[in-house]
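Both of the next two complexes hold chain A, though its partner changes from chain B to chain C.
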Partner chain A sequence: QRVSVEVLDHLEHLALVDFRDAEGVQRLQKAVQFADQLQEVNTDGIEPMDSVLEDRCLYLREDDVTEGNCTKELLENAREKVEEYFVAPPGNIPLPKLGERETFLQGS
Partner chain B sequence: LAPWVPVVGLEIHAQISSNSKLFSGSQVQFAAPPNSLVSFFDASLPGTLPVLNRRCVEAAVMTGLALNCSINKKSLFDRKHYFYADLPAGYQITQQRVPIAVNGSLSYSLCIDNKMSQMVTKTVRIKQIQLEQDSGKSLHDDTRSQTLVDLNRAGVGLMEVVMEPDMCCGEEAAAAVRELQLILQTLGSSQAVMAEGQLRVDANVSVHHPGEPYGVRTEVKNINSIRFLAKAVDYEIQRQIEELENGGTILNETRAFDSKLGCTVPMRDKEGKQDYRFMPEPNLPPLILYDAKSLPANMNHQQVINIDWIHERLPDLPSVKREKLVEQYGILPEHSFTLLNEEGLAEFFENVVKQTQMKPKKVIGWILQDLLSYLKQHSLTVKESPVSSFLLADLLNLLEKKEISSTAAKQVLAELWKGEGKTPLEIVKEQKLQLLQDQKELEQICQAVIDRQENE
Partner chain C sequence: QVAAALKEGHVTPTELCQRCLSLIKSTKFLNAYITVAEETALKQAEASEERHKRGQPLGILDGIPIAVKDNFNTAGIETTCASNMLRGYISPYNATVVQKLLDQGAVLLGKTNLDEFAMGSGSTDGVFGPVRNPWSYSRQYKEKSVPKSHSEDKEPDWVITGGSSGGSAAAVSSFTCFAALGSDTGGSTRNPAAHCGVVGLKPTYGLISRHGLIPLVNSMDVPGILTRCVDDAAIMLGSLAGHDPKDSTTVQDNFKPFELPNLTDVSKLSIGIPKEYHAPGLSSEILALWSKAADLFQNAGAKVVEVSLPHTRYSIVCYHVLCTAEVASNMARFDGLEYGHRSDMNESTESMYAATRREGFNDVVRGRILSGNYFLLKQNYEKYFIKAQKVRRLIANDFVKVFRSGVDVLLTPTTLSDAAPYMEFIKEDNRTRSAQDDILTQAANMAGLPAINVPTALSERGLPVGLQFIGRSFQEQQLLTVAKWFEKQVQFPMIQLEEVKKHDHGVFQHQKCA
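Moving on, here comes the complex of A and B:
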C-alpha cells in the first residue's frame, strides 16, 4: 500500500521536513506498514491506553514563583536579538506549492 | 426575500489569575521587561518537563462549577502542533480529547428595545472548559521585515470556555461575555480584563434560512472589547447576508476585526485548513480529581483536589447577588444589574443604606441617577468618587429629616463633587438652603410679599 504524493506533500508542509529521496519515502512506507500491524488486534470494547504513565500520579506543584529572571542566559543562543527580544522572520513563510519548489516528490 | 437566521458561537480564552505559570514556576505578570519572566521550560529548551500548577486546576474547577458543568474526574492533556515564532515548542499543551469540565450553561440578561425596564433572560450552553498554555507575544516590525518575540506570556495558564452557537446577534454575544466576565471576577479565577489580554474572545458566525442546514461559518478574531465584540459579530452577520444575497459564497476562513474601519477582513497568515496533529502529551499522566466520596485515605492532601470542598467554598455568583439585593432592599431587578455592572457600586449602595434612615428604594435613585451619571461624565470609578458613601448618607439624612428640600439636596451634592472637604451640613449653612420650619417666620415672609404687591 503506497502513501500517495498528496499525503507526502501534506506531511512536508506540516512538519517542514522533506523526504529527500526514494529511500526516504520507502522508509516512511515501511514505518506505516509496521504500525498498521496494530490494526490486526481486536480492541472492541477496550478503552485506549495512550500513555504508560496512566497509573502514575500527576504531581501538583504549589503556585510559587521559583524561576525566570534569566533573560541574558536565554538570549545567549539567539542568533539575532533586538533589545532583549528574540528576532524572527515576519510571520510564517509557507512552503511553496508542489509545482513550485525543489523536492524529490516532483518527479513521483 | 426569505429571512436569515444568524448563528453565533464563542471561544473565550481567560487567563488564569495565578502567581506562576501553568506548567512552570516563572511569574505571571502583565508588564515586565521582555523575556524576564521566562523559564527554561517556557523557552522550550531541551531537557525540560511540564509540572502542573495546582492553583490553575482549582481555578478551572471553580469556573466549571460556577457554569453548571460536569467536572471530569479524569481529564487528559494533549499536544496541538503548529508553527509560529511565539510558540517555541512548536506545539501547545491543551486538553482536546477529555477536558476538565463539560456540558454547562450560562444565563445572561438583555434589555428589550433598549429599555432597562424590560429584561429578558437567555441561556447559552457551555460545551466545555479546558486548561491550556498561552503563547508568547509577537511584535510585528513591518519596516524591518521582522517579528520581535517576547515569551513572558508563553506558558501562562488559560481556561478556554467554548460556548455553543446558541446566540443570534452581537448584543447577545456581548451580554453573555459580560456575564462570564463578572462570574470570573467574582470567583477570582481570572481578572478577565480585556484590555490587558486576560480575556480574549473569538466569534464563530454563520447564517442560514430557517429549516435549512447551518451555513458555512467564519471565525472572527482580534476583538479587543465587549463593545467591539457586538460590532464585529453584527458586521459579519450583515456581510455574510449581503454576500449570499448577491449570489456569492462564504469561505470557511478566519477573519480579523478592524476596529478603526468597523469591518472584518481575511487574515493572511491562516492559509487553508490547519492540521494540528493532536497527540497525547506523553509527559503528563491523566489529571485525577476527587470528591468527598472518592477521597483517597492515605494521600498527601496537597496532592489532592476535592471538587466538593471547592464547591462548598464558591462565593455568591452575580445572579445570586442580584436576587439578594432585590429581596433585601426591594429594588427592581434592572437596578440590581446596574449595581453589579459597576465595580464597587453595590458595596457603595449598601454602605449608604446602612448609614441612612432613607428607604433603600429611595436611595437607589440617588445612586443610579445622581452618583453614577456624575462618575460617568467624569470617567471616574466608584473608588475614585470624591463623594464617599458616608457623605452621601449624611446628605440623604438631611433630606429625610426634611431639613432641606430635594432640590436643595441636589445643589449640595453638586457642591460636594468638588471634593473640598466640606460636610453637607456646612454647605447647607453656607448657601442658606435650610428649609424653614418655623411657622411664624414663614408668615412674616408671606406677609412681606403680599405687602410689597399692594404697594405696587
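Moving on, here comes the complex of A and C:
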C-alpha cells in the first residue's frame, strides 16, 4: 500500500521538513515497506518496552534551584534577539496548503 | 604506560600535546577532526605540567590527550554534529563526560568527525566530508592491494572507517590521541572500532551520563569509549561511569572503578555463540576467525556453547522504527530560534522553521524525521511504534534467557566484513548500508547490554577485523576481563603508518597502551 499524497502533505506539515524530490518520497515508501516486516512477529501478550531500565525508579532530585543566571550565554547562539528575547517571525500563520506552497508534492 | 612516563618526567604533558597536535596536522588527509582546539589544549597541557612538577597529578588521566566526537557539547568549542544545522554553534556548557575528563586533567585536543547527527555506518555523510581509515595508508594494506593500472599512486583506494564515530576511531588508530569518546546507538562505536583496529566499548545503558550528548535515540544512546587496548578502556570507564543528577536515566547504583585482573584460568567461564549471528553476508574470513576464537576459548578450558537469540533478525526493523520515531522527536528542537542555523525566511514562524530545517539537514536526517513522523501518526502508532516496542521486549528477553542459562559472555563478530573502499560503500544509500552493517551490533543497544569490540586479526586485504563480546547488564568488569584475556591471546599487530614514523615517536612506538 503506497502512501497517499494527503499523508505525505500532512507529514511535511507535521515535521516541517520537505521531501525535496521523488527520491525523498521513494525513501519513505521503502521505509514503510521495510517496517512492515514487523508484522511477521507474534507479539500476543507482550507489553511494549519503553526503557531497558523499566525495573528501576527514576532519580528525582530535590526541587531546589542549583544553577541558572546564564541568560547571556544562552542568548549568544541565537541569531535574532532583542534585549533578552528570542525573536521569531509572526506565529499563528499556518504553512500554505498543498496547492499554494513550494513543494515537490505539487506535481504528484 | 604513558601516564607513568608523564609521572616520571620522561616526557612532559606539553611535549605530548604538541606531538599529538603536529601529528594531527600531518594526518589531516584522514579528515578525522572537525575542530582542533589547539590553544586550549596547550593551556590544559601546561596546567598539567605544573601539577606534575609539584608531584600532584590529578590522576592517571592527567595530561593525556583525548579527542571527543563532535556530538558532545564542549564549552567554548564549536559543536556541529557534522551538520549545517549546528555550524557555528559554540556550546555554552560541557557534557558531563567531557567535564569529568577535564576534571581529571585530560587534554582535549579537538572534536572528531562523524556521520551527520550520528546517523550512518560509514562516517561518510557529514558536511565536512568522509573520514578516511588510517589503515588505508598502512604498510599492511598497501602491501596487499593490487596496484591500479592507470597509476593513481597518490590516491590509494582508501577505505572507510565505519561509523558513525569514525573520526574518533581514526584519531585513536592513527596515534593522534590516546583515547576518544564516541557514541553508540546502533553500533556506532563498535563498528568503526572494528574497521580501524581499536578497542570500542559500549557501556551498559544507564551507566554513563548522556547529559550533553546531543541525543539521537534517548532509550538507546550511550557514550562510547575508543582506545588502543582494553586496559585503557577500563581506565576511561572508571573516570566516566556513575550516577549523574543531570541525567535521570543514569542508575543510582554506586560504581566502583576497577583494575582488570590478568586472567589466566578461563575454565569457569561459559562463552555463548549465538547462531543467528552467522548472518547473511558474513564474510568467510570473519566466520573463520570467529570459529577460531571459539576454539581458543575451548582449548583454554572454557565452556563454549551454541545459543539462540531467535529475534535477532528483527532487530534492524525494530530499530528502524524506534530510531526514526525518536529522531523525529529529538530533531524537533532544531528550529533556528535559540541556536544553530536560521533561515532568512521571515514570513511566519512555521515557514521559517521549515526553511531552516530544509537548509540545515541533509537527506538522511530529513528522511528519518519524515519516516519517524509517519510511524507516529495516530493511524500508524499501534501498528508500527507500539509493535516495535513489543518486539524490542522480545529481543531483550532473548538475552535474559541466554544469560540466565549460565552463559557469562557472548562472542560474536562485530562487522560483516573488513572495511569497504569508499567508492564501493557510497554505491548504496545510507539506510541500506546501516541496515546491513548494524545487524551484528544493534541488538545490544536494544537490550541495553554492554558490548566491546576487540581487534583480532588482519584480513587478507591487510585490514583490521574485530570480534565482539556482549556481557550482562552492568557487568563491565567481567566483560572487560574476558576481553583483555582475548586481546592478550590474539596479539593484534600495530599499524605501520609512514606519517607516524616521520615523527620522533619514542613515546608512540611502544605506547600502544596509555
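Note that in this section the second predicted complex is superposed on the first by the 102 of 108 C-alpha atoms of A that agree within 3 Å, B and C clash if a C-alpha of one lies under 4 Å from a C-alpha of the other, contacts with A are read in each partner's own complex, and residues count from 1 in each chain.
Assume a contact is a pair of C-beta atoms (placed from the backbone, for glycine too) under 8 Å apart; a residue touches a chain by one contact, two chains touch by 3 or more.
As the structure is a computational prediction, the values presented were derived from the model and not from experiment.
Engineer: Regarding the shared-chain residue A:63, is it in contact with chain B (first), chain C (second), both, or neither?
Structural biologist: So A:63 only meets chain B here.
Engineer: In the superposed arrangement, which partner chain does A:22 touch: chain B (first), chain C (second), both, or neither?
Structural biologist: A:22 sits against neither chain B nor chain C.
Engineer: Quick check for you: in the superposed arrangement, does A:84 touch first (chain B), second (chain C), both or neither?
Structural biologist: A:84 contacts chain B only, not chain C.
Engineer: Considering only touches as defined above, state whether A:51 meets chain B (first), chain C (second), both or neither.
Structural biologist: Both chain B and chain C are touched by A:51.
Engineer: Which partner does A:41 contact after superposing on A: first (chain B), second (chain C), both, neither?
Structural biologist: After superposing on A, A:41 lies in contact with chain C but is clear of chain B.
Engineer: Give the label of whichever partner, chain B or chain C, reaches more residues of chain A.
Structural biologist: Of chain B and chain C, more residues of chain A lie in contact with C.
Engineer: Touch test for A:32: chain B only (first), chain C only (second), both, or neither?
Structural biologist: Once the two structures are laid over each other on A, A:32 reaches chain C alone.
Engineer: In the superposed arrangement, which partner chain does A:71 touch: chain B (first), chain C (second), both, or neither?
Structural biologist: first
Engineer: Touching chain B and also chain C: which chain A residues?
Structural biologist: 10, 14, 16, 50-51, 53, 56, 58-61, 70, 74, 86, 88-92, 94
Engineer: What part of chain A is in contact with chain C in the complex they form?
Structural biologist: Touch list, chain A to chain C: 3, 7, 10-12, 14-20, 23-24, 27-28, 30-32, 34-35, 37-41, 43, 46-53, 56, 58-61, 70, 73-74, 76-80, 86, 88-95.
Engineer: State the interface residues of chain A toward chain B in the complex, per the touch definition above.
Structural biologist: Contacts found on chain A: 10, 14, 16, 50-51, 53-71, 74-75, 82-92, 94.
Engineer: Which residues, counting only chain B, touch chain A once they are in their complex?
Structural biologist: 18-20, 24-27, 33-40, 43, 51-57, 76, 81, 83-85, 138-142, 145-151, 268-269, 271, 275, 277, 280, 282-288, 302-303, 305
Engineer: Which of the residues in chain C end up touching chain A in this complex?
Structural biologist: Contact set of chain C toward chain A: 89-90, 92, 205-206, 219, 243, 245, 248-252, 311, 314, 317-318, 320-321, 324, 328, 335-340, 342, 345-354, 357-358, 361, 363, 366-367, 369-371, 373-375, 377, 383-384, 386-394, 396, 429, 431, 435, 447-448, 473.
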